[in-house]
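Structure first, then comments.
The chains carry the letters A, B, C and D, assigned in the order they are written, with residues numbered from 1 in each.
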Amino acid sequence: MKIVGIGGSLRPNSTSYQALEIAIERVKLLGVEVEILDLRKMNLPFCHGGEDYGDYPDVEKLWESVKAADGLILATPEYHGGVSGVLKNALDLMSFEHLAGKVTGVISVLGGQVNSNALNELRLIMRWVHGWVIPEQIAIGQSWKAFDPSGKIIDAKLSERFDKFAQSLVENTRKIRGIS
Amino acid sequence: MKIVGIGGSLRPNSTSYQALEIAIERVKLLGVEVEILDLRKMNLPFCHGGEDYGDYPDVEKLWESVKAADGLILATPEYHGGVSGVLKNALDLMSFEHLAGKVTGVISVLGGQVNSNALNELRLIMRWVHGWVIPEQIAIGQSWKAFDPSGKIIDAKLSERFDKFAQSLVENTRKIRGIS
Amino acid sequence: MKIVGIGGSLRPNSTSYQALEIAIERVKLLGVEVEILDLRKMNLPFCHGGEDYGDYPDVEKLWESVKAADGLILATPEYHGGVSGVLKNALDLMSFEHLAGKVTGVISVLGGQVNSNALNELRLIMRWVHGWVIPEQIAIGQSWKAFDPSGKIIDAKLSERFDKFAQSLVENTRKIRGIS
Amino acid sequence: MKIVGIGGSLRPNSTSYQALEIAIERVKLLGVEVEILDLRKMNLPFCHGGEDYGDYPDVEKLWESVKAADGLILATPEYHGGVSGVLKNALDLMSFEHLAGKVTGVISVLGGQVNSNALNELRLIMRWVHGWVIPEQIAIGQSWKAFDPSGKIIDAKLSERFDKFAQSLVENTRKIRGIS
């Protein structure tokens, strides 16, 4: 069983990646193989609607990693009340063969008051490609005060939500994918 | 009064741009100044969440054109049941100062059965940046058979919808923006 | 010019109606004729999908009042992350002839953390019937602590939002409906 | 294992119930206990936001049946681009104790061109109450020509979708609920 995380921000000190790392870390503590695809370190093109991305070896890397995954964690900053174009573009580069049947947990991070628009979008997008999204989801508002300088979550209740999120993702990926 | 159109596809023979051109043409026939920002010919970066895009003069071009507009037409291919990452990224590059108060018409184009997910997303995104979206909207399903080789719409009823769309956009931009 | 308010709760001490009354009061202060349709005092049936509701004179009342309105305020409790069935049913009882072209402001109220799901739904529903929804919208979270015993809003910023909401609704109803 | 179906229409010849009956029938053929809660034959009140519905024994019946279910099928007419108030009200009458953890399949039926707005709403509502919604979903457009006089689906492809829908619902309810 393998869980792959993708973040939708290109910011150096991205709180989306901080949230993603915490979620992935907790999944790992449950004994599951994990991998983060850091879009800040990958060279992905804009999706042109075709299938040939030969000039971009990182597209192949994206495809391989997601194809090999049983579950996904998608973490996006909420830009203008929606999924970031960066994350949506990465999803656009993939197709049913990579995404269908994957069990996914979704996280959004925003500077203002918490909201679930981007999470709703991700839920409908993953459904479209015949994936599953777990009911547990995490929206972090006022993200600039959510983490301490070492990257830990300050609020204990929020930290607990990450535990439940990770547990549900692992447990339900196991069930839905039939992994014993 | 000026209406600016943006398409969310990078495909050379994009049906989104075909639809956008038809809509913009009809707006122009109503005596309004129009401009299409063709993302296929612009060199835009992925949004990094900051404000400095000095290396990309086309970001400045995008900002200037949209700032100067009274109304917008956004045309997107529906990828995975959502707005294309290409279009969302272009919107992410902009902010309230460019988008707020603009009166917008939205169009989506998809290969399969018609659907309004991407249009719903665009409506909520434009609301988020305090823009207006006209009630008339156009979703074109099975887009590969919607246009003839010269780019004209084959279905007469669909063509009529473009007329009503253009009329509503012009009339309501005039009203909401107080242009006499 | 006339603005009609409808609330989606049947609770005796409904905070949705408290919010609605405040919004309607501020619209009234701008010199506009207002009316609240209090669903708690009306005897409306469940929508059966037909057009004959002869046994329910309040359906006729609903139709007349909304038909005569230029603008609407819809205030709903958010139940299960959506518009209340009570409000949706009242909308289902109406049709294009009552709702199309109306300029609408939407408000949601919930006990937990603020969220915009119900507002998003109302925006898409009003679009469906060819209505307009103003960009300003109000979501009140933790509603049990939002009002003082006399029904006033405690938070000054939230109170300001109601002012802007009322101003935008009146100003834009005037513009879109062409009322001088 | 038990699957309960609820339809959101009160129309005597409701196509939503026709669709629901077909789906439930196919689930039954897979050896699963089924029950349809026919809202046309139940006397449910509007949700008043409280918990005491002592005067309405059918509320108790609704609660018991849904509580005892492992999975649900929700079929709604799409009214004004949304879930019917009738169905939403039935859901509002229930709570986490009835709905959480249930595995759900969603169906919508509308007279016009197919659309997934009501399905999207149902997906987000069921998520809100911590339920699961299977990726397979069915939207039937132009429903007046979808069924023959005996209630059978005319289009073979649509009929196949019902098979896959029923199979996925049964298989995944088994997996997620841990039923051997």
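Convention: a residue touches a chain if its C-beta (ideal position, glycine included) is under 8 Å from a C-beta of that chain, and two chains touch if they have at least 3 such contacts.
Since the model is a prediction, treat every value here as computed from it, not as a measurement.
With steps allowed only between chains in touch, the distance from subunit B over to subunit D comes to 1. By number of C-beta pairs in contact, C-D leads over the other of B-C and C-D.
Interface note: subunit A and subunit B, two copies of one sequence, contact each other through mostly matching residue numbers (shared numbers exceed half of all numbers used). Taking each chain's centre as the average of its CA atoms, subunit A and subunit C sit 36 Å apart. Distance from the subunit C centre to the subunit D centre is 28 Å, each centre being the mean of its Cα atoms.
The distance from the centre of subunit B to the centre of subunit C, each centre being the mean of the chain's C-alpha atoms, comes to 30 Å. Residues of subunit D in contact with two or more other chains: 81, 117, 120, 124, 127.
Every residue of subunit A that touches subunit C in the complex is listed here, in rising order: 81, 113-117, 120.
Those residues of subunit B lying in contact with subunit A across their complex are 9-11, 14, 46-50, 77, 79-92, 117, 121, 124-125, 127-129. Listing the residues of subunit A that touch subunit D in their complex gives 120, 123-124, 127, 130-133, 135-137, 172, 175-176, 178.
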